[in-house]
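Both of the next two complexes hold chain A, though its partner changes from chain B to chain C.
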Partner chain A sequence: MTVMSRAWGRLTLPGKVIFTAIPLLLAVGVALALVVGILGGPIVELASQYGAVLRFLVAATIILVITIPTAFLIIFMEMKIIAFMNLRVGPDRVGPWGTLLSVVHGLKVLVKEDFTPSGADPLIFTLAPVVVYGSSVMTLVVLPFAPGLFAQDFNIGLLYFFAMGGLAVVGLLMAGWSSFNKYSLLGGLRSAAQMVSYEIPLTLSVAGLLLLAGTMSVNQLVANQSGWFTNWYVFQQPLGFVIFFIAVTAEANRTPFDLTEADSEIVAGFATEYSGMRFGFFFFAEYVNVFIVSAMTVALFFGGWNAPFPFPALAILLDPGSLGIWLLLGIAIVPLVGTLLLSLPFLLTRSSMPAWQAIVLGFVLFNVVVIGLLGVWAFVSFDWVAGLLWFLAKTYVFVFTFVWMRATLPRVRIDQLMGFAWKWLMPAALLNLFVTAGAILVVGR
Partner chain B sequence: MTTHASMDDPRVTLDEQLGSFEPIPPYPPRTEREQEFYTVADGEMLVNIGPHHPSTHGVLRVVMKLDGERVVDIDPVLGYLHRGVEKLCENADFHHTISYMDPLEYVSSLFCEWPAVMAYEKLLDIKVPRRAEYIRVLTGELNRISSHLLAMGFHALDLGGITPILYSFIERDEMVEMLASITGQRMLFNYFRIGGVNGDLNHEFMSRLGDWMSRATAQVEANQGLLNENEVFVRRNRGVGTIDAQTALKMCWTGPNLRATGVPFDIRRAHPYSVYPELDFDIPTRSEGDSLARYLLRIDEIKQSLRIIDQCLHQMPDGPVMARVPRLMRPRPGRAFATVEAPRGQYSIYAVSDGTDQPFRFRIHDPSFLHLQSFTLLMPGQLLADWMTINASLDPIMGGIDK
Partner chain C sequence: MNLIPGIGIVRGMSLTLRRFFQPKVTIRYPEVPSDVAVKFRGRLQLLYDENGSLKCETCFQCAQACPIECIDMGGMDTKGRFHVHWGAAETYGERREESALRRSGRPVPDPAYERFAPIDIAAVDSILEDFDHDPAQLLGILEATQAAFDYLPVGALKRISERTGTGYAQIYGTASFYGHLRLGALGAPAAAPSAAPYLAALAAATGAAGRQADA
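Right, the complex of A and B next:
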């Protein structure tokens, strides 16, 4: 025993971790193998029976995971783009051009003290960020990223989107009430007033679009807009788009409607008392919301994953299966030839560079070229790759617009905010609905 | 009174009941006003803003009585930055007091030094060389522009616009670098001396100034375009914090805030000092008296200051920048009052000499203090967010208010 413990004591920390992990992993692996061996048949049977459920679970997990890098990307975009608009440099220390700074921010909120103020209601205080984050992630479920690339296609998808978006106000109100802070209370009440008011023009603004489309399934709405970009609903519902965009800006609590977290008035509002990862959840939820409302704007009014013009089917030209034995030969020869060819310029012109460095450089360049070509091949061969690229490109245009607005506009006042929703947006949305309905009556769809 | 364990640290026992974290002073009400203010009616709450709040322009603390978002009453609490500058100055010799003046209104330091040296020059009967006066006017107007630019930027920042403040700081940075090249300091210049200024204009200053003047007008126009044509900004400001000329005069307002109500009162014209009578410039006024007028008036003043700088550069005579002044100063017993038009209004110094080398009495008059006392007039009935607008448009500097 002493010998054992002495040997254990001599190990460094990584050694201890490895020697602890190996037996554990072995045990887990054996257990898994046993479970699969004994229960494998029933599991496969269940999975085939409940295929839709399994698909939904996998898709929901993927969606939950991709929210984090999405939020990181948008946070970085916001930091860098606003910096450029302010004539600043912006983040430039962590990673190339500061790209990893938002990751470091994420790690920072993870390790900070998770503090509950005395006087706060601990249960509600803890649950509030979960509700806020959950509501924004749940709206992602109905978003069609590409043909076939969606978690669930409801026939009331749009209604579900509004319902889940409206759930966030519960979380914000919980946070504002339970924090035991007057700024937070004001922020919570502001968010309740704001989001409840803007739900109405938001829902009414798409009513005309729904009359035109005759469906509430977001997938079907996107599919309706295929072909040339003139099929996009923004050209049939310009007023609806404007109202929708303004209302989602208020729903996402973005400038100029960021009254709930007005940092120069009520010092971050509902989030004043939050720290650590609970604050991180609020923070991520805000940026995930920006992505979601941009994506929904694109899906409803800008053709979703459709290309702006009927994209020619090039898949036949680049079908690698048709190459036969030449494919194998190509795989064997092309890397060698490509590496040599791409390193040739360095070998010939840079006499100071050793040959091995030139060849390594050529190999790296060759990989870049191959990955690029593979991307092009995937883009023309698979619908979902092309669709995803078009969708993300359009979405990030709107994300950029949100960031741009944040750099430019001051904040409106609470009475102006409410007055704008009830006096201007709602009548305009009603007008849009009636005009659309009349047009459908007269002209037909 | 019940005791309970703190939720942060169970070993700590708190005496106060939860819910008693109200901004109520720990002493019984001393005046009727305090009695009235800290009696909270049903549906009202007291909200404490400051002393560390992003939009209080320093360490100002205000207690607001709110009914929902609407302000019922407001109580500014001062003194968080009190350093006893007046008493310090009474215990320092005349030269020393100038450096105590700088941190008072720290974004327009030259205007705090100016009345002090003017008062001492009156006590000592010193004639300042004309070149020194021109340099004072030139540097002072530069400082006024930088101060107004900062006021504009922070006005937008308090309303939630994050970009204009950075554009303002680009211009201000150019100006403080200019001034640093002749004064040796970027912020607290300590440049004016009794009988002149500390050092003549140098090549770096002149080249930087010429460079900046060639693009100043266009730059100021471009920066203001971001806000003046911004519907959100204009709507947040128009009709907020409106005050009429009579009330403003009664509340002893001066400077741009008074001129925004339509009273063309400017110390540079009303009680001319230095070489201002020789310079051609207008006193811009506006009649609305609201936050937007106060903001726009500062832009007009920047344009007038640019005119003054231009004339100073053309008319500046050659000659010494310091009068012949004794090193140890013992002015005759007497009193002197000097006042200048600072970016925030009338900045005055009252100094009494008893014949020693220190001022016997030294009093500072700060315009921001008088503007701040008008909160109780302007705020009731407005919304919480309007306080940020009004505070930013009055442009107080807490260093000068708390002295």
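Right, the complex of A and C next:
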């Protein structure tokens, strides 16, 4: 009991709130599920009446939840890919191929002391990581993952994206200011300067694309690029893509523009005074940002969820209902026959293997085959599965590129950084805009 | 080539991408034993630092760890006071060079130190008997030995090592750690054997002055 009370005493105020809120939320959730289960009809009616609200709640929950595995995956990718590029093996102890190491990192950050410096402004100090993380999560709202699979389709989606991305600056400034540390303040101001100046070429670089597309809805932009991969906007806006990619690298604070919170240096910029999960949230936001900017690059310039070429319609649409009684027979017989067939090679060729082992192996193989076939079937017959796979594949190519750049490029100096944004990127973006506008005038779209 | 802007970035990126697919140099030792030829026996070598002095601190850990007891060594302790030995006397490094000199017909310098004096082993044995040959009571054994001999002779230490099964390095380390244990006769530290004249003569004879600079 003393252990419990001591642990309770060591928790900070937000920790106490969270630790009481978790069981409360669980209880409320179970109660809700019970209520829905017992009196289902009226609730479903009510839900369909307020469909938009329900959709918003579900989408917000999903968006918040998917950031966790995404960030873990990208952190793992970063560790493993950079290790491979350094001719090292990288994480390989926790989980298969070390995949769980990023989870362990998360747990480690979670159990560390959540320290607030004396003299800091506790409210703003606590809110800053929330703002940074929230701003990156809110940009996820307009990302179209697949046809029909998006949280909200705004007609000003792109504008919303840049606005929410710009909100991160506020969080960084809050973190720097509330830390009661002049180095943190300087770091916060420096990152604010960087992000504000890179927002201008970033926004200008897509202006040409918007002239071409005539819409700001990200969904519509992706839909415009359907068909062959030559329809992708990267082929009409190569300069715009290059500027967008560079500016977005700076916006996501990635190497070579990662001097807002340079990992390898002693003073960690605006995050100097942060520890524990609050520090973890800054990092979390950074890796979610990597995913978001990769996804946005794909959506704007690389066709989003469109396949690079139109697939020939090979959907063998099998309606299970038409099979009648054979469906039941198939469900009864196919697993048995499949397991036996797949265990046959082991039974026949491996005399040292007992029969039950061979049959277990056959069952496992059968499951693998069935899951693979189900995946193929889903890919062929559902648009959104295929779209999601294409979208994630393209996105992770760009995530790989970001990690690859981090493994290669050295950090730039702050004056080089600002000079590059104002002297090179902005004129280039303006040039791109004017050339695009002129071409539209001459050719007439 | 270097005038094309951004070519350095492209070259760096291609380098890291090539590295990505190359075999990795990390050796996962306990899981993956290194590929050593069956007949490999290794070669013992003492290393010298940039000043030409021997890096070996005569800690005997190599000799103690050697599973087939093929490593033997002799030298001065770290303060240059006492000769410490591991292994048969005729296989000390100094002795080997000396025997090589003798075979080559050149004059052999007179070693300025004696090998450890023969002692009355029976006294050590009775002490060990009292302590039940228990290595855990090493300090007690050493204190009793010192009470019997007035200091800790090398022969007694070797006997203790032999009978208790404790490594000589550990016994020597224990004996040299405690201030009240003496490795030399009381009142005669000045007369403690010094290797310097012997080594100087040896160096003069072999013409390898630089290698023995530290001794």
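In this text, the second predicted complex is superposed on the first by the 385 of 445 C-alpha atoms of A that agree within 3 Å, B and C clash if a C-alpha of one lies under 4 Å from a C-alpha of the other, contacts with A are read in each partner's own complex, and residues count from 1 in each chain.
Definition applied: a residue touches a chain if its C-beta (ideal position, glycine included) is under 8 Å from a C-beta of that chain, and two chains touch if they have at least 3 such contacts.
This one's a predicted model, so the numbers in the text were calculated from it and none came from an experiment.
Partners chain B and chain C, once the complexes are superposed on chain A, run into each other and clash. In the superposition on chain A, contact is made by A:Ala120 with chain B only, not with chain C. Measured by the number of chain A residues touched, the leading partner among chain B and chain C is B.
Look at A:Lys423: by the touch rule set out above, it reaches neither chain B nor chain C. Touch criterion met: A:Phe84 reaches chain C, while chain B stays clear of it.
Looking at the shared chain after the overlay, A:Ala262 reaches chain B, while chain C stays out of its contact range. Within the superposed three-chain model, A:Lys108 lies out of touch with both chain B and chain C [touch as defined at top]. Contact with both chain B and chain C is seen for A:Leu409 once the two complexes are overlaid on the shared chain. Only one of the stretches 185-193, 275-283, 293-301 or 329-337 in chain B has C-alpha atoms clashing with chain C after the fit on chain A, and that stretch is 185-193.
Once both structures are placed on chain A, chain A residues 85-88, 407-409 are touched by chain B and, in the other complex, by chain C. The part of chain A that touches chain B in the complex is made up of residues 82, 85-88, 115-120, 122, 180, 182-183, 186, 190, 255-256, 258-259, 262-267, 406-416. Interface of chain A with chain C (complex): residues 81, 84-89, 92, 404-405, 407-409.
The part of chain C that touches chain A in the complex is made up of residues 9, 12-13, 15-17, 19-20, 22, 24-26, 28.
Every residue of chain B that touches chain A in the complex is listed here, in rising order: 6-8, 14, 18-19, 21, 45, 47-48, 53-55, 69, 156-163, 166-167, 170, 226-227, 230, 232-233, 235-236, 383-386, 388.
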